[in-house]
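A, B, C and D are the chain letters, set down in written order, and residue numbers restart from 1 in every chain.
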Amino acid sequence: MAILIDEETKLVVQGLTGREGSFHAMRNRDYGTNLVAGVTPGKGGSDVQGVPVFDTVAEAVQETGANTSMVFVPARFAADAVMESYDAGVDVIVAITENIPAMDMARTVPYIRNSDRDVTLIGPNCPGLISPGKANVGIIPGEICSQGPVGLVSRSGTLTYQIIHELTQRGIGQSTCVGIGGDPIPGSDFIDILSKFEQDPETEVVVFVGEIGGDAEERAAAWADDNMSKPIVSYIAGFTAPPGKRMGHAGAIISGSKGTAQAKAEALEAVGIKVGRNPTEVAELVVDVRKAS
Amino acid sequence: MDLFEYQGKELLRKFEVPVPEGRVAETPEDAAEAAKGLGGKVVVKAQVQVGGRGKAGGIKLANSPEEAQQVANDILGMDIKGHVVKRVLVERAGDIKAEYYFSFLLDRSARKFLGMMSAKGGVDIEEVAETDPDAIARVHIDPLAGISDFHARRLVFGSRIDEAARKEAIAMIPKLYRAFVELDASLVEINPMVLTGEGRVMALDAKVSLDDSAAFRHPNFDDLKAAHDIPEQERFAKERGLNFIKLEGDVGIIGNGAGLVMSTLDVVKAAGGDPANFLDVGGGAGAELLASAIEVITSNPEVKSVLVNIFGGITRCDLVAEGILSALEKLDVKVPIVVRLDGTNAEQGRKMLADAPHPMLMSAETMLGAAEKAVELAHGGGR
Amino acid sequence: MAILIDEETKLVVQGLTGREGSFHAMRNRDYGTNLVAGVTPGKGGSDVQGVPVFDTVAEAVQETGANTSMVFVPARFAADAVMESYDAGVDVIVAITENIPAMDMARTVPYIRNSDRDVTLIGPNCPGLISPGKANVGIIPGEICSQGPVGLVSRSGTLTYQIIHELTQRGIGQSTCVGIGGDPIPGSDFIDILSKFEQDPETEVVVFVGEIGGDAEERAAAWADDNMSKPIVSYIAGFTAPPGKRMGHAGAIISGSKGTAQAKAEALEAVGIKVGRNPTEVAELVVDVRKAS
Amino acid sequence: MDLFEYQGKELLRKFEVPVPEGRVAETPEDAAEAAKGLGGKVVVKAQVQVGGRGKAGGIKLANSPEEAQQVANDILGMDIKGHVVKRVLVERAGDIKAEYYFSFLLDRSARKFLGMMSAKGGVDIEEVAETDPDAIARVHIDPLAGISDFHARRLVFGSRIDEAARKEAIAMIPKLYRAFVELDASLVEINPMVLTGEGRVMALDAKVSLDDSAAFRHPNFDDLKAAHDIPEQERFAKERGLNFIKLEGDVGIIGNGAGLVMSTLDVVKAAGGDPANFLDVGGGAGAELLASAIEVITSNPEVKSVLVNIFGGITRCDLVAEGILSALEKLDVKVPIVVRLDGTNAEQGRKMLADAPHPMLMSAETMLGAAEKAVELAHGGGR
């Protein structure tokens, strides 16, 4: 088991004919992901290293049975691409593209979440996800991962790699590592992924990597307190980060949180979640938790 | 991008939001001219992006063009909390009967837009939120469905603003919403929204923040941006696509990905050092970008050592190494650079650095080790 | 029991201060419906025959605990009023207003149906609903109804009264009578109401009144075949009706139905639902079904 | 309201949908003038709301203004399936390489908008749907989310129209959608949408239906409506707010609520009669409206008897009775009127009618009884 992607994953890549798209799609395929199709409007009928390209995702799904899509198209077209995948009937959409206008995602995320179909959007502005040994959809370097009992969810990209790396070095593998991305409105938030890990038999411990800004970590902490039976180890980046641009005065009013790393760490610790002070300590805490259980 | 008051008002005017008549001026003479054009009493307002300009003397009344010139002369060039005043907004002064607060923004946790209104305007709204939360009416708006008239009614009746202001406020709110959405704003804040002696409702101040990611939809975005002063080092970084923020310390930091860079700052701090900057080269950085990053960092005379912390994903460590080597070749680097590479093509990158020894270049195995070494070097030791 | 409205109903009327609104609201109150509030923007603080009036539905709900709203505002403001009620947290919204632009309802109906809250919109362009002896929300004349085992759902107004009348005259009472309205996109369709009747212990027989146009009856017949255990008696109006305006050629393509009364009656009979030839025969069929069971 | 082709195209032009250049003409001389203005070859098209006008000779080419005048002269006044041609559309004629089908409408069962496109255009699309359903690409659009580019791509690639037409078709579809939504249309159908010899894609025909309920949002609605001929009796009824459709029989029908009136028609038919009309007085009809309804019905010389079938809800039977009595007083009613009242204030209404006996007025207890009596009377019996 794992969450969201595994051996059953059939991947279609939107933007396969682009430089970035083809580079990472082929890395995913080399990892063992079942890459079945690409989509580039107007290039239907061609192929990229043997992968058939279609004009629309609908056609790709119909012809290949694709159930997962990865979005690698430029930011101004990305929200449209996500909605296209949703409408074409895929179950998991992974949007790597960064710098998508917030207004676009403000409309796209509810478009998907409010529906009666159970579709998961990961990202945008994220490194994707990997279920080590099964499938890799996105840009997480497969070679730093190993299969095992740790589920990892993170708002950050490279920071996630760092932590995966530290875990793997200590011989602790991962069930699935999910980068949910750093955008204001992510398709999936911490709670969505935590609840999937809670239900996944392979996952025994969850590592939860947050950063300054917003109150997603605080809400996840409160939710986990009520709903998670599995142990959680956490890390928050940005204790010494320069204060970001404030959104007028309004930002702080609504979240009820200052959004600082300190506040987040306190919220997590208040519900009994251990917070490592650096990536290395996070890995060490996971070792401790594994020993204790 | 946070707009200046005058920029925000110009944009809101296009959406038929009532704002006072006014003109921006960069010199006292322009201010006099503007006052003349408006006629009668005017108010001269410093255009700075910081709160409390009124208390700091940045807002003054003038009864004549001469007086306007004089107060503009006082205000232009003022330093308000570190912001130097380069422009003033000269506006027709009116009789104000009441001041309200209004804003639209994105509520991340609800995944909806949030409208807020209060009869307690013109003051620090965060304080109102803390001391008298019921004084702020809030309404969520589904981004797909958009605004409907009832949202405006809930804000206006819920905030209990004066009866005389209700009708115009209810008419103004959908216009503010349209501006918020169509400008790709992350914030439209009107504080205060005022009821005038003549019974009109208008935006007396405006704080509008635009989404940089949506710049491609707004042909005037660059013009708006041009009015903003950016320090030389930051401008240089931005032009090259680097996400750079200057800090006060002496350990230069380069990393890929905001989370990793933030974590690197934390680790440097924990090791007893003081980061000189935040610099994220982003995803997929090539050799040239890395070279620019080193150029930006080393141009800061405060920097005593540099820590390059890369975990390759999209970013290829061989290209990072290439960039570092080319920077070392091109520039006269006088401070030590500690490099830690992991992830995509890391071995290749490490080998490239090892094969091209340079007195200022050293490698580290781990992130923690690299941070400790960089801090040690900044403090004058370690070599 | 009954469906949607009963003794627990607390009614707020949007447009209570209007002539029509107050007339029917007071009739509903006289029937025994718990009328707790009215809403007319700008008239908050006043009252109509002792019923307090508020500026917004949100305030009415907060102050009176209203859980059901009736919309009696003019067509151009009605979609807004429906959405206001939804956002204010009521559970059942009954929109009597007719001639609401189709575009308005095309947006309002999914706004309510796609949400994660279980809110029922009845109408628009409908006579409302009545649970005889318990509550009456709308314009169905209470005096023609009597309490009993028949659940009735209809696209039509006065035709419904005719059938209720015929039932009552034969001594057969009703659990709830629901007029879903004749608009292109009703807030609730036949299937929504049939499924509630299926679950309602008081309802033993369902009467289902359709009319020409669209394919709602055909879809309901197919659904009922799979999901209804209770007997259904049906009536379709419009066997001799003049063919209405056709929507270009496109209308017939999508529905896969000609939308004629004949086609609908056949679809119903094909799944074993008895179709009365006139309102009187419908009542007689219900008598037969009651005897048979 | 179903628009004429020329009206639909005028509206579509405002949404930047490419349509052939053209002008409407009501006389042969106007047509010649229009052809002159356009220059070159033109096509003269009968403006009637019925299919098959081409086969009926209602569409003709003309090579010169003189020829245009001549063919317009032939077409104007033609009777095409019962529709008299009062206007022609004179359009620049172009070279057509391919014909496609396109439409937007509301799909009631899906509660969404539906876009349809086919490479098989210019023909009866219902036939295509039956014989070759895969030739029609269909895509649903969520009314809240609106159209996105991918919807257009799915229609264009899915329908396999010519590659040369794709780009312009993809650009045109969002414009058609905007027109559909902003016009409050219930249908926008372009059949054919054509690819011209110059590689342009345009709407060669347009069928646009507008929602009467949304007329208040469209100031030009009444002007559009004015071009439509409505029979005198229907116009009279419509002006009074009556929903009236003339039929061929001799039993006049008045009822409240479309369902009840349809049911009344069915019952009259079952009793062996032939309804002369459908007339719904709607909800909450007062005395005046009822009197107008009787006036409309009895103005039809075919009518031999009238059946008034009212089940009061909003409608009060006392007001219905008042209206009937006032009509009988005002008009010289020569046919028997059978009245059946039930529901709100029915007893009061029945009493009012009983208290004011009139030779042409009779009451019935039940709907079936009333229908039978009215049929009997129409057939000359029963009195």
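By our rule, a contact is a pair of C-beta atoms (placed from the backbone, for glycine too) under 8 Å apart; a residue touches a chain by one contact, two chains touch by 3 or more.
As the structure is a prediction and not an experimental result, all values here were calculated from the model.
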Of A-D and B-D, whichever chain pair has more C-beta contact pairs: A-D
Farthest chain relative to chain B (centres taken as mean CA coordinates): D
Chain A and chain C, separation of their C-alpha mean positions in angstrom: 45
Distance between chain centroids, defined by C-alpha means - chain A, chain D (Å): 53
Chain centre separation (chain B, chain D; CA means) in Å: 56
Chain centre separation in whole Å, for chain B relative to chain A (CA means): 27
Shared-contact residues (touching 2 or more other chains) in chain C: 107, 111, 114
Set of chain B residues in contact with two or more other chains: 142, 144-145
Contact graph of the chains (line, ring, star, complete, other): complete
Sites on chain D touched by chain B in the complex: 142, 144-145
In the complex, chain D residues that touch chain C: 2, 51, 103, 105-109, 111-114, 116, 124-126, 129, 136, 142-144, 181, 184, 186-187, 189, 191, 207, 209, 211-214, 216-217, 245, 247, 255-260, 262-263, 265-270, 275, 278, 282-284, 310-315, 342-344, 366-368
Complex contact set, residues of chain C against chain D: 20, 24, 75-76, 98-104, 106-107, 109-111, 113-114, 127, 139-141, 144, 154-162, 165, 182, 184-185, 209, 211-212, 214-216, 219, 235, 237-242, 245, 247-255, 261, 277-280
Interfacial residue positions of chain A with respect to chain D in the complex: 41-42, 44, 55-59, 77, 79-81, 83-84, 87, 107, 111
Chain A - residues contacting chain C, complex: 114-116
